[in-house]
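Chain naming follows the written order as A, B, C and D, and within any one chain the residues start at number 1.
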Amino acid sequence: MLDKTDPKFLWPRIRLMCQDAFSEFIGTFIILMFGDGVVAQVVLSNGKKGDYQSISWGWGIGVMLGVYAGGKSGAHLNPAVTFSSCVFRKFPWKKFPIYMLAQTLGAFCAAGVVYANYKSAIDTFEGGAGIRTVTGANSTAGIFCTYPAEFMTRTGMFFSEFIASALLMFLIFALKDDSNLGSGNLTPLGLFFIIFGIGACWGWETGYAINFARDFGPRLMSYFLGYGNEVWSAGGYYFWIPMVSPFFGCVFGGFLYDLLMFTGESPINEEWMGIPGAYYRMTSFARSKKEKTDSIV
Amino acid sequence: MLDKTDPKFLWPRIRLMCQDAFSEFIGTFIILMFGDGVVAQVVLSNGKKGDYQSISWGWGIGVMLGVYAGGKSGAHLNPAVTFSSCVFRKFPWKKFPIYMLAQTLGAFCAAGVVYANYKSAIDTFEGGAGIRTVTGANSTAGIFCTYPAEFMTRTGMFFSEFIASALLMFLIFALKDDSNLGSGNLTPLGLFFIIFGIGACWGWETGYAINFARDFGPRLMSYFLGYGNEVWSAGGYYFWIPMVSPFFGCVFGGFLYDLLMFTGESPINEEWMGIPGAYYRMTSFARSKKEKTDSIV
Amino acid sequence: MLDKTDPKFLWPRIRLMCQDAFSEFIGTFIILMFGDGVVAQVVLSNGKKGDYQSISWGWGIGVMLGVYAGGKSGAHLNPAVTFSSCVFRKFPWKKFPIYMLAQTLGAFCAAGVVYANYKSAIDTFEGGAGIRTVTGANSTAGIFCTYPAEFMTRTGMFFSEFIASALLMFLIFALKDDSNLGSGNLTPLGLFFIIFGIGACWGWETGYAINFARDFGPRLMSYFLGYGNEVWSAGGYYFWIPMVSPFFGCVFGGFLYDLLMFTGESPINEEWMGIPGAYYRMTSFARSKKEKTDSIV
Amino acid sequence: MLDKTDPKFLWPRIRLMCQDAFSEFIGTFIILMFGDGVVAQVVLSNGKKGDYQSISWGWGIGVMLGVYAGGKSGAHLNPAVTFSSCVFRKFPWKKFPIYMLAQTLGAFCAAGVVYANYKSAIDTFEGGAGIRTVTGANSTAGIFCTYPAEFMTRTGMFFSEFIASALLMFLIFALKDDSNLGSGNLTPLGLFFIIFGIGACWGWETGYAINFARDFGPRLMSYFLGYGNEVWSAGGYYFWIPMVSPFFGCVFGGFLYDLLMFTGESPINEEWMGIPGAYYRMTSFARSKKEKTDSIV
């Protein structure tokens, strides 16, 4: 796909090879710069420089501008979105690991920049330099990744992330479907409203992570920054829910859209909803792999 | 209209036949997911995760994204809008029942999902698992459908819903009128502002239902979920007002737009404002029906 | 300009003749429906159903949707905008009285509808049916038209309205100037931001009337509704300032844009900035009038 | 570039010669009219006529409308943006001083208008006519230019401005890059969101000046208006940071975008990332200058 001989000089050639990764990296980086930034400002200023609604704004703007920044790779900016695109829109599976890695790395780095910028304020808020807590009145770990509300059950947490992710994927497919209204050049603005809305309507219980990269990257960074093992154990080892649930949610949301509305190319629109085809492709893949293994042996 | 032989496989053929219903269902579903969702979050968090303005945002975003999702059927998402389209824009009357049913069902289902998601929080807010109240300090029925402010008279309730519905229909006709400015691909965004504005300016007294489906569907769901007979009796059996008033309001709003501004095809622009024509069509319909009945007898 | 023989039936012919008036009427009506509506909701609910920012939203949305509704007449919706268009953009002077009357009437009527809708709430807020006050803790006159902040001097009031009106006109000319960026189909959205911004930044001291029709129409309505002579005398007979100042402000703002930026047809771009031409046209008009008078005598 | 013989009359000819300066002047003027205006309204009304979020709105709207107003010169409205355009987009260096002067002057003048409008309110707030303070509970100097939060270190201040400026430039380059998504006619709206977001997420610590003109112009005006030497000395002679840091930040942000994403004409896409070329051009410039000097001598 890449014509490596096209750009004349070294760096542009390197960039061309890495364009997808750079693009997903920087797009997710932008999301977290605004997203973690706004939570930091609201939390650390005790609500004087923003309120809950500011947080909706911050994440909405982050995603909108992240989409503008990362447009060259399709601006998935979310492993679950990439995954659903592989399942329903023939996005090449082999790109999935690169996308997921770049997205997670982008979120990881942005969390570091937010930390560096708000270090003095975190010290003041926590009550001393170097104190870093995950739970308690002055904890600041919630700046970086999500923790569930106290009254939530395990099932409730999973369900909340599932629903919000399904909404996200359903609506992205709706915006991109030109046989429906289609949002055209308004897609990034539409994403602003989707994210703002999910934050205002479905954001309380689990903090609407709805994105492996957005949650795990900054969580890892906060672990490295000294918040301790509690970043993993808090909320009954909640950390894996925003990693896993968005994949199920996004696939379900994408399935629902294709089931009810989509008339373009999709497994749902193949024979028997694509199940025999998928089965055939999976087994033939396994067969060819086995054959290869056999022939090697 | 539907060429049932076109899609090759079974499900796409079924979907094509049901496209209008699916589209209205899912569009209204999206409205209520955001609309009831935001009220749940604001009420149940005691205003900590949102305020009155968030509610304007939630409903505005719900309608905007519902329009994107349900574009294939014209995205009426409101029986009164369908009704007015039949009266003023030659939308086929025979589609009216399907649209109304699909819209109401969409709203009904979304209310169920919102309930499922916020069940723990409702239990906490009401003060115990299974307690569900419609009135009182800890009541949560207002999450699902509208109840009037206390100081309102019956006439005032009807008038408030009437005015807000008239505004809605007048403005939708304005946005869609290409001989006026016309909003083109900005129509969903325009609807965001219409709904946000109605909420901010006309939303206090009766909660701006302005939509049979949005109000009756979730009310029925809340009845099934155990809120008791009070969902019907509260506010002096208020429940029928948001069912009936929007039809009058939307027809009046549509009439006003066509009267003052519209130059396209509309009964208002026919001879004697279309009244003789409408009378003739109604009587001929009755005649033909009577003839049929006679012939059967 | 109007081809009265074109529409076949009576009402469409009447409408065509009155299109400008209807369009300006309805556009200004829409502005006030949202604008006065939001102030009513915020004031009467004691800030529970909205805050100062809601008021910015309400007026911004009102103007945006008013522009969509009243597009057929150019959507001036403000006598001072019509006046400036006559001075700088060759808009025919003879249309000015019709526009101004229709705009004022639209605002007058909308104020009446807002009053009718919020009558019970006004009674409750004022402390009894029929009590209507302009000043004091429970006064509600401020719902309909503007009254200045207490600390303001007369000059300050005039200056505040002047500046805000100049900003308005300057920015409208900027949005409409296609040799500049030009806002194209985003003009109504641009107006939302202009009005929101003027409310957030220049709206405190005099309530940003910036519009003869928006202020005088509802003031007259509130007088008829029983608020008494104080609607005129309050703030040291402040009422004439939002009637007069916007004309000066808008002309100055329009002048500034044409002086610094505009390269299209404008008196500023004629010989000696159009002053000799304007003088000649005025004197020739006076001459021709005198001649006519002479010949009659 | 300017064909001075084209416009027929004197003033249009003068305007054509000064178009860049006028355009940058008026665009920056508009930014500050809304930006300083909203801070004045929020501060002086003790938060009754706006809150922190209003400030995000005010600056966002100011920049959006400033871009519409100043489109004829490219609407840089920020010396650091002009500087980065010279470095990365071949914007002519010789225009840099004119742009910077016009921008600073526009900001300077707008601060004066804001002061004139809010003079009575400032007197009331400060506790007496003519009292003007930079620090303390009733200080009003913060209306005009930025002062850092108390807990900030010098490095932290510089870093905060650096990051926010880098974000700004990176995102402007993203919006303008048509080989990426590109924002087309939505660019001014995109800038609204960028500025709103920076204010909500990165605006607490140093007040997001991110613009030499926006900060120095009004600071100078406030000095002339009698706020005393403290406008310079406050925050440990903080005033130079928003003058210097944005240049570094914007150049870094522009560099990052070109490094990772940009495929058009940029030094980064030349041989060895343009460093030899830049070195050659600089030395040849010095050589030619030396030669000229030599020849004169």
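Criterion: contacts are C-beta pairs under 8 Å (C-beta built on N, C-alpha and C of every residue); 3 or more make two chains touch, one makes a residue touch a chain.
None of these values were measured; they are calculated from a predicted model.
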| item | value |
| --- | --- |
| Given chain A and chain D, the chains that contact each of them | none |
| Interface composition of copies chain B and chain C: same or different, split at half | different |
| Rotation angle superposing chain A onto its copy chain B by C-alpha atoms, nearest 5 degrees | 90 |
| Inter-centroid spacing, chain C versus chain B (mean Cα positions, whole Å) | 33 |
| Approximate Å spacing (C-alpha centroids) for the pair chain B, chain D | 47 |
| Numbers and ranges of chain B residues touching at least 2 other chains | 53, 186, 189 |
| Pairwise touch network: line, ring, star, complete, or other | ring |
| Chain-to-chain touches, reported pairwise for every pair that qualifies | A-B, A-D, B-C, C-D |
| Complex contacts: residues of chain C adjacent to chain D | 52-53, 56, 149, 151-153, 156, 159-160, 163, 167, 170-171, 174-175, 179-184, 186, 189-190, 193-194, 196-197, 200-205, 259-261, 263, 268-273 |
| Residue numbers on chain A that touch chain D, as the complex places them | 7-9, 11-12, 15-16, 19, 22-23, 25-26, 30, 33-35, 37-38, 40-41, 44-45, 48-51, 53-54, 57-58, 61-62, 64-65, 67-69, 71-72, 75, 113, 116-121, 124, 185-186, 188-189, 192 |
